[in-house]
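A, B, C, D, E and F label the chains in the order they appear, each numbered from 1.
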Amino acid sequence: MGHEFERILITGAAGNLGDHLRRGLGPLARRLRLLDVRPMGEAAPGEELVQCDLSDREAAFAAIRGCDAIVHFAGHPREMSFDEILRDTLPASYNVYEGARQFGVKRVVYASSIHAVGFHPVEDVPDTRAPHRPDTFYGLTKTFTEDLASLYWDKWGIESVCLRICSCFPEPADRRMLWSWLSYSDCLRLTEAALLAPRVGFSVIYGTSDNARAAVSNARASHIGYRPRDSADVHAPRVLSRIDRDDPASTAARVVGGGFAAAPHPDDPR
Amino acid sequence: MGHEFERILITGAAGNLGDHLRRGLGPLARRLRLLDVRPMGEAAPGEELVQCDLSDREAAFAAIRGCDAIVHFAGHPREMSFDEILRDTLPASYNVYEGARQFGVKRVVYASSIHAVGFHPVEDVPDTRAPHRPDTFYGLTKTFTEDLASLYWDKWGIESVCLRICSCFPEPADRRMLWSWLSYSDCLRLTEAALLAPRVGFSVIYGTSDNARAAVSNARASHIGYRPRDSADVHAPRVLSRIDRDDPASTAARVVGGGFAAAPHPDDPR
Amino acid sequence: MGHEFERILITGAAGNLGDHLRRGLGPLARRLRLLDVRPMGEAAPGEELVQCDLSDREAAFAAIRGCDAIVHFAGHPREMSFDEILRDTLPASYNVYEGARQFGVKRVVYASSIHAVGFHPVEDVPDTRAPHRPDTFYGLTKTFTEDLASLYWDKWGIESVCLRICSCFPEPADRRMLWSWLSYSDCLRLTEAALLAPRVGFSVIYGTSDNARAAVSNARASHIGYRPRDSADVHAPRVLSRIDRDDPASTAARVVGGGFAAAPHPDDPR
Amino acid sequence: MGHEFERILITGAAGNLGDHLRRGLGPLARRLRLLDVRPMGEAAPGEELVQCDLSDREAAFAAIRGCDAIVHFAGHPREMSFDEILRDTLPASYNVYEGARQFGVKRVVYASSIHAVGFHPVEDVPDTRAPHRPDTFYGLTKTFTEDLASLYWDKWGIESVCLRICSCFPEPADRRMLWSWLSYSDCLRLTEAALLAPRVGFSVIYGTSDNARAAVSNARASHIGYRPRDSADVHAPRVLSRIDRDDPASTAARVVGGGFAAAPHPDDPR
Amino acid sequence: MGHEFERILITGAAGNLGDHLRRGLGPLARRLRLLDVRPMGEAAPGEELVQCDLSDREAAFAAIRGCDAIVHFAGHPREMSFDEILRDTLPASYNVYEGARQFGVKRVVYASSIHAVGFHPVEDVPDTRAPHRPDTFYGLTKTFTEDLASLYWDKWGIESVCLRICSCFPEPADRRMLWSWLSYSDCLRLTEAALLAPRVGFSVIYGTSDNARAAVSNARASHIGYRPRDSADVHAPRVLSRIDRDDPASTAARVVGGGFAAAPHPDDPR
Amino acid sequence: MGHEFERILITGAAGNLGDHLRRGLGPLARRLRLLDVRPMGEAAPGEELVQCDLSDREAAFAAIRGCDAIVHFAGHPREMSFDEILRDTLPASYNVYEGARQFGVKRVVYASSIHAVGFHPVEDVPDTRAPHRPDTFYGLTKTFTEDLASLYWDKWGIESVCLRICSCFPEPADRRMLWSWLSYSDCLRLTEAALLAPRVGFSVIYGTSDNARAAVSNARASHIGYRPRDSADVHAPRVLSRIDRDDPASTAARVVGGGFAAAPHPDDPR
């Protein structure tokens, strides 16, 4: 037997995360097709580079044709205006799913975000079936795409795993990240698990490392088979000694979305 | 004491439902502002007519200014393409909520739909906290707007009641409507209750009449105070004798969304 | 349009309940086939009488052939020995479901019983998804047949409604029946609803009248569309004045199965 | 058969509610023993009057001796200091339950209060198993006595029904009472049901009339058999026209406890 | 202090699992009584061999007499006809429980199976309180015996732990077993835990090793104290490279029962 | 950055647990203020000793003034009379919380107990949202103080973590402790986690070590970040071999409170 997949499309391949996935997912497929609006350097053996804008439907479809899985990580984790999501993010999501339908892709692994449920209080420890509570327009792109994925599963049989990535950075940078941190290596493990699980239907899973502190629960997502190996705990002494605690009554401390939930409306003057 | 509201904006006022609301909601406000892209006839005393397209932000904001409640019923219950929702429905929803924020409107009553959760099986009897499972792109506009409403409540304190209207028609027209039917009068009662409830935060409620058959549950929405007075049951003998049963294994019979869940992709050739 | 069904088979047709069903279900089908091991009197127009033992596979199959629905009420609500259930009740249940599969019957309405869950405490108010807790070998025949029905639905698409009949008698005879009583007329209504509901898959519903006291909950069975019209409440003054209360600490008062839960092992000497 | 009880003790019999109970519960017992620290007028036939302070253990025990049920309604629904609850309310509760244990009383019906769970948000519609969230020291006396009742049930077999009375007044006096109102007649019905239910163990039930608006749920308390006959709905037009709405963002509008949840600390200077 | 038990009866002792239990459970009891319909070789010191058919009541009772615990593993994990279960499996189960009752055995550890709940979808991750959804007649023997165990606990105080064994084999043989595999050693640990837990009442627990992938949840069975030490994960590279994935839309991939759920009716011609 | 806290008050500092906390919590604060009614030896550098009775309000307030966190461990884990809890324990709890409010303490870590929920059956594995079921008057002091903490959080913004300590002893002393044991070191880890968690609101967490057997669940308390390192499992062979099993039907074996749940009324003659 050979590779698990013939060709995996990775969108957002020029980003930090995309770069890790590019280096890590190779063994799973005969070829990786890498897509970004930015340049992605030289193609390694087995790689195909497609520089285009995912919100361009024709280009997106051309990139999807011939792939049997999509790892959709394009997009930046920052607040943005409604006009921006309407122009870029929502069309990109549609193009991915509709492209998958038209060209026979069977599974999409989507980089959703904790900000899809960011207004749940920390002490509620929301699980993967908690209702959407987006904390930003950015979060709203995630809830929209999750619902789109749900529709494409229920109606057209495209499987999805929505990875609600919490805080994927080189190191935990503040106290909140002591629970929300996801190492790059664990992000890769999570993506691999989502690609390899025999059956996912429409599934949601939170992306954090094996941190003692956990303000979200994957209890109902164990079928994905994600087992993190890194932990924010080794960074705790440094973080606790250098970074002050937030006021526990502040919005940023109160809810799992952290500072995003306290971000102003993108159109408001700063 | 005078009227409950100073000025209620009703969007979609030229539609069948909108017309009932126009005639019924008058006593709640000093003035009704009626909005539709279509003509709405003559203005009665206390009425203000605004003919415009809600997806036109400037026009929408102008219509919202001066209102203290919005009853947002614009839109047609039919499947539509992604490009259409991107151009019309999503911007209209944003304009309503962002207008409410900018001009101090405190409560929005939104005509969501059963199609926001249309893929839940009938025998699961989903309640108002069941996860989104849109059955169409139309349903996806409803899940998007519900999530938008959630964001505007959590972040900016705009209250919303999302009415998941099931089948609002003059009479039940098929066997599914024996559970899903909402009479026009009960739709008015539901809207009134949503406007008058002292506190709603972000709430969801299903819109059906008092039918013996019920494939959705309002058990967790009783704080709205909706009590229907009509019932599909009186129409049951006629419907049962004239209209054949669906195959219980068909998608249309299996899920609460009915035929919408079986509708083809809007871009596919018929 | 004509009758809802071509031919309904009613098993246990010579019993009290069976007799009510025989008289009430006529309008739903072109023909009623009545089956019992006991004589059933004269056949009325539209009736077919089959006197046989349901545990006789060949006879059972012959009776099922040609029917498009089965109302399976055969069996007596009394404790019995394991050998008896092994010889009679379990084979009868199998024959009904396997016959349905072989001869294309699409829906079975099964007279299950409160004794399938009889050991749940009254103050827990079990709903239709509470785990099985049979209180007798009689109750065990009900849990077995419910599980058999579940298998035939999941695997072979035979729909079932399991009616967990509580206390179907002419009148409430003791204090427990003030919550558990089901009038004969309401039992008929319940059976009709189970036959007419557009989609049931595998469903369970409790059978009681509209009693103020309710120790079981149909909150998750509203899709069946059962609406009782009788009530034990009108009998309450008589029952309360004539019949003493049980010790609330006794097994019979403690659990929803009542006296059955306190019944001795059928093989024990009395 | 004669009376349901030999002798019921009603505490708080001189209050408004107590007076209704005194006139209504007579038929359930051969004798009513009425207790209050205030004078209770003349004893009617079948009545025994005991004027004493329930926090006096000896007096309380003397009053309990010879009774077979206690309806414990003593206490005023108002905020009070910790020192006051320590001196009066908590000892009174203990004396009632310990007296019940020592003198063989088998059931206590206790007037608990919505303020035992007053900090649950209205839109959460808490049911009878929602965790305690007292909103005042008054509410804390209710949670304490409920827990005491739980202990006396689990350990010594004294049954209790804790009636979480919402707003028991002659008429709904504000918008909140449109959901929380309990008529005096319905309060009597509720108490009767709690006394007559065959088995209650440790049960909790909310006390409201049959109001369309309902911010609490008795779905899991139906075994008590309480069916209200009055409704705040008939008072709604008057209340809505005369009394302004609260700010939905205020604590009083936000939570089921209403104004109590906004009450200051009793020791703070006003 | 000496052995935990005086004499443990192991049924199915000649099977693969039975053989492991025979070698592993010795230290827990003064004597092991081994039962199988097949020969079991030589008796080691402390062993007693009983070759008989468990469906023979007299023989079964004779084997049970004198034991204080039963480890009931008899039966083969394969689909079988209804007539076969009626003749063999159900009587064997009854004989075990009724024998336990008659001869004072206090605890039964029963080898139930994942096939008792085999039709739950993988992505639902059913826990130990999920409703029965048998996937075969084999699964139906498991649901029946679990309900029998429930009855014998509720009514006659015989404790049971039902081990829902998933895939007990020397090594994971396909992709599904990457979540469902239970090593022989972990099966022994699970059985030991079930025997040693101070209090089990009627408990259910899934039997898998410590696999990263988990499509069932023991979150509510932690009181048994089972802690697996083996893991399918070490076998994952081999399995993934040699064995193709199933179609995720196939029944075998969709539900936790795997291929059993897709097995034809045992009486159908192959 | 310096210490996490300026001054932590530890009550009950002369007890076994208090002594561990005294030695372990030093690094978290610039100063530790130690309080007990008993002598506490010599003050180490950074320590302040306050010998007083917490039920003396003036003394308690004086001790609290100047602290920014309170670790409230005063009190002995033994059954006591109602009069005793009224005189000592309840006033002490009030003084701690009211002192926190008056002097600006933002977080309290409270040594609650398993006996707050002691009557839940072992096989129910109660989580941190299970209703109160106190098993003693001792347990009642814990439910009261938890409710008091809830009130002070909801109304005055004082955060609390209620540690439901199970069995904190040098070693597991009986079979129940194989699940309920909490080592002194893990108790310290638990307290540290409760102090350091960025946001706790009102939270509850069970205190046990990392034992294979677990009759309570912290699944919904993972935001606290407690990760035990000790385990009762290493003590299991000794305990199992030396200490007989309880009768599984006894109250002490049946419920999580163990022997406390079987303790007699403190006023009863022994």
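In the analysis below, contacts are C-beta pairs under 8 Å (C-beta built on N, C-alpha and C of every residue); 3 or more make two chains touch, one makes a residue touch a chain.
Molecules present, by chain and UniProt name: A, B, C, D, E, F = NAD(P)-dependent oxidoreductase.
All values reported here derive from a predicted model rather than from experimental measurement.
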Where subunit B and subunit D overlap in contact partners, by chain label: C
For subunit F, the least number of touch steps when starting out from subunit C: 2
Self-contact between copies subunit E and subunit F, residue sets same or different by half: different
Identified repeat of the B-D interface (over half of residue pairs identical), from D-F, B-C or C-E: B-C
Angle, in degrees to the nearest 5, of the Cα rotation that carries subunit B onto subunit C: 120
Centre-of-Cα separation between subunit B and subunit A, whole angstrom: 32
Subunit A and subunit F, separation of their C-alpha mean positions in angstrom: 40
Distance from subunit D to subunit A - Cα centre to Cα centre, in angstrom: 52
Multi-chain contact sites of subunit C, meaning residues that touch two or more partners: 219
Chains that touch, pairwise: A-B, A-E, A-F, B-C, B-D, C-D, C-E, D-F, E-F
Touch list for subunit B against partner subunit C, complex: 121-123, 125, 175-176, 178-179, 211-215, 217, 219, 233, 240-246, 248-249, 253-254
Subunit B-facing residues of subunit A, complex: 82, 86, 90-91, 94, 98, 101, 119, 129, 131-137, 139-140, 143-144, 146-148, 150-151, 154-156, 261, 265, 267
Subunit F residues touching subunit A - in the complex, by the definition given at the top: 1, 4, 106-107, 157, 159, 193, 196-203, 219-227
